[in-house]
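In the two complexes below, chain A is the common chain; its partner is chain B in one and chain C in the other.
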Partner chain A sequence: MKFLKLLNFELNRFSKFYYLLVAAIVLIQLSLAAYIVNDYMKMIKASLRSGQTMPDFLESNGKISILNVTETDLFMVSVVLGVLVLGIYLFFIWYRDWFGKHTFIYRLLTLPASRMNMYFAKAAAILLMIFGLLAVQVFLLHVIALIIETWVPGNYRSEINFYHLLEASQLILVLPHSFIGLLCSYGAGLVVLFTLFTSILLERSYRLRGVILGGIYALIAILVFTIPLWYNILFKQAVSLYPDEERMAMFATGLAVVIGSILLSRYLLKHKITV
Partner chain B sequence: MIEVQEIKKKYGRKRVLDGVSFTAEKGEITCLIGINGSGKTTILKSIMGLTPYRGTVLIDGKPLTHHTYEKLTFIPDAITMLANMQIGDAMDFMKDFYQSWNEARAEELLGFFKLKKEDRISDLSKGNTAKANLLLGLALDADYLLMDEPFSGIDIFSREQIADVFTSHLIENRGVIITTHEINEIEQLIDKAVLLDDGKVLKAFSTEEMRLTEGKSVVDVMREVYQA
Partner chain C sequence: MKKYIKSAILGAAAVLLVGSYYIGSANVERTLPQFVLKHLEGNPKEAAHITLEGELYFNTRTRFSSAVREIKIEDERTTYWQKSATEPFSSSPKIAELKDQYRGFMRGKSSYDNNFYEDQTELLYAESSDNYSAGDEGSYLTIGMLNKKSGEKKEFHVPLSKPDRDSYVMVENVQRANGYIQVIIQENVHGEASKQSIRVLKIDPKSKEITDEQTLSAVDTSDQKSSINSNMTPNQNPIGSHPYELLYVETSEYDEKNGTTISEERTSYMVYNANTGKLDKIKSAIAKKQMRPKLIQGSILYAVQSEKDGLKVQPYDLQANKDLAGYTVNWDEEVDNSTSALEIRDGKLIVYSLDNLISDGAVNSKPQQVLVADVKTGQTLYKGEILMKGSLEPGDYQVNINELLYK
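Here is the complex of A and B:
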């Protein structure tokens, strides 16, 4: 119950900034789609006015698809913006409680509830925000497809289904097109999240020494998580892992890193944290 | 009873607490006295589990757990709520998380300190910030209150108002540990004094006993100890 209250509290604290971020992404992507579609329509009209036939136009300009929007630099900038802001938030969610005139960390650490509630509330807040952005992104892709469908005549556009769109574009990095892909991408994300949380808590516990300890911990975590990759590189002449085996092994090493990070964080929050 | 036994603490190579021991009873005001840097705040943080240390701290005979925070509250010299909150929001937050939150007492304290629920924490003066901080701590039905420099840097009227708390029913039957380097405001109110210097207890005594047996006030003893 206290976990849910803390989660709600964490989400509310960042909500204004988060809504601004979502609004910025929506604005960038929809304006970009409208601009590209409008530009394309102008080209069609200009070609028709100059007496060019449709096949001639399509031969020189090609059909428009959602890829014309998603493969632009500005579109990727909007995706990176979301990743970047939430990446910074991952640090900010801890440090804002320590610094400033009003040190809220005093209150958080002396709540009559396990300190792990606070830890998991912060982690869950970040995960919910990431999944929220993904949902917005999926919705926006459908809206962009609808914009193209509404404005551009059928003969001038090529339909791309969602699966192929993800497969053909750089969006596959944030929106994997298979369940296994999703598990791999977001499993790796979880490993990074909990490793960074532990590194931050090491810094908050041991301060200057903690920066070094945090760096070493992050390095060890990455090494452990990527053991299956190293194994394949080092022993490829002998017995290398099949892709499925490699994924399973990485799932196991990732799980080990996440559990290790949570246990170490628990110890730090209980015995070593310093305000 | 809060028992502090042989607490040791280092920040880097600097030893800030060097075997500090004392007890604080329920129904008594124990004052930790010492100049800045003598380790007063570190002792309170150690009792609250906000910094690691060596030694033992027992609250009613048991080590600190998160359940203890229902009966042990810390009132630091900076407010522990978010700056953009209103006092009413801060009260709601406390009500949400603490079973020992006493809404009637919180309302009484609002009137006592002449604060309003709509007051935004970031807009409060230093004196009102200290009062809001006290409100959030005192409105808990906690057995022990740990106050860090409640009179530090605030105007004379706010000091008087805060000093009034110590003679009111608001802290009746509670154990209070207060740190200060300005003893004047509360000299007559404290039951036990612990004089600290350089992370060590120089002298710990019952003020009443000292007055009766040696005819000395806290300030007299401070002069003797610190000048020696």
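Here is the complex of A and C:
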């Protein structure tokens, strides 16, 4: 119950800013979709007025699809905005407790429960917010597809399936097209999250020395996690890994980094960070 | 519990929306277009032997390249699958089969047919590498040997000369002949005295040394205006035993402004026999300007030439060094490396279109075709074309065919 309380507490603390972020993303993406669809419709009307036939128009302009919206720079800015804000929040979630108006960390550390509850609550809050944004993105993609479907006549719309179109999109970086891809991408993200949390706690434990220690730890963690990748480059012949073995090895090294990070963080929270 | 409503809503919404997206995505394969081989002429039963493998592209007309699916087109069935992002795209079906069969031996090996030789008793491998360690800028060949019966593996390195830092060596073919491993390499030397040569190295597997070396072809490539290449004709059975190789020099001149080829000339036709080590000049119909040496099967070379009434096929016996009776098959496309391919399977000559793109990247309205003809007479046994089923627009999809499997 302590964990849930702390998780809810973390979400509440960031909720206003989070709603603002979601509102900004919704506004950018929907207005962009409306603008692009409206522009395309104007082009159709202008071409029909000038006596151009539909095949001629499609030959020079192509059919419209969700990619006309998702492949614009402004759309990607809205996606990067979400990634960037949550990336900054990953540091903010810890440092605010020390440097905020009231040094809240002392209250958190003196709670009559394991300090790891606080650690996992912060990690879970960030994960929930990431998946929350992902859910908003999925919802928005369906809305954009609906806008195109409602406004543009069928002959001018691409017949390629919505999901297949998105495979050709830059969005694949944040929304992989298969569930396995999602697990791999966000699994790697989880490794980065726990590594950065440990680096932050190292800095908080040893202050200036901790910055160097945190940097070294992050470097070691990245090296360990990517062993299967550089192992194949170093040992090309005879001992290199097959793609399926490489994936298994990446899973194992990722798990090792996560467990190592949690254990080190536990030690730091228990013995090094004092009230 | 009311206190946790925010966490609960956020968690539930995330799971529901992201979950529904991936459920939808998992079921989307059934919306992919289905292709069939539509019978045009000949015996429709011939189509049952043919499977065409390639890729399906979604023609999204955006600045990003289209997404891709591996596709297998049979007479009445289309199968899709997706290659892992880490799998090498160049892997031929034969290499994939060898990797499944001899996982230990094939570990870390290249994915090119040219690097392998296989017979009933052994599997051989040769690959060239550069060694930059400790200031030693040499090249070497890695030779791998697997005894298929005992499972015994051997590997050794053979040093190669390296005329300059930028020169490089590629393995073109590996054969086993007269107890030796014969590796045909192409060496490219850059700089002022740039040249390209094709050499055969005879390697003794016992002493692990090169015992003999022979230059089959060498051309000066320092002329900037044209490109000169020593070429070897592909073999129908690149990994198996095939003692005959056809070599020729190809000179191409380009228009630098629009990047098109102005002229192409093939000269110096020679046949090399790995069993005897002899290199003979060829003087035959295949050395004509417009003839294109296309494929070797056994000791027969098939050269082709596109003509108004079809594709002229000129077989040539490399062993006897003489032309065989030529014929014309019912095929009206060019048979070059990018548009159509030719294969000989089960005593039949098969020609098939590789892609349905025209030069500017637009989709060709003419469907890709497959022709099966008698290899001795050129008589059409089957002709068909790849057609998309249903109401989907062909222009939204592109099919590139890479391989033909013959059952």
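Keep this in mind: the second predicted complex is superposed on the first by the 268 of 275 C-alpha atoms of A that agree within 3 Å, B and C clash if a C-alpha of one lies under 4 Å from a C-alpha of the other, contacts with A are read in each partner's own complex, and residues count from 1 in each chain.
Assume contacts are C-beta pairs under 8 Å (C-beta built on N, C-alpha and C of every residue); 3 or more make two chains touch, one makes a residue touch a chain.
Everything numeric in this text was worked out from a predicted model, so none of it was measured.
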Can A:Glu167 be said to touch chain B (first), chain C (second), both, or neither? second
Is chain A touched at more residues by chain B or by chain C? C
Classify the contacts of A:Arg115 with the two partner chains as first (chain B alone), second (chain C alone), both, or neither. first
So, A:Lys5: does it touch chain B (first), chain C (second), both, or neither? both
Going through chain A, the residues touched by chain B and also by chain C turn out to be 5
Considering the complex alone, what residue numbers of chain C touch chain A? 3-4, 6-7, 10-11, 13-18, 20-22, 24-26, 28, 31-32, 58-67, 82, 84, 86-87, 99, 103, 107-109, 142, 155, 392-393, 396-397
For chain A, which residues are in contact with chain C within the complex? 4-5, 7-8, 11-12, 15, 62-63, 65, 67-68, 71, 128-129, 131-132, 134-136, 138-139, 158-161, 163-165, 167-170, 175, 177-179, 182, 235-240, 242-243, 246-247
Sites on chain A touched by chain B in the complex: 2, 5, 9, 13, 100-104, 106-107, 109-115, 205, 271-275
Give the list of chain B residues in touch with chain A in this complex. 45, 48-52, 66-70, 73-74, 76, 78-83, 93, 96-100, 121-122
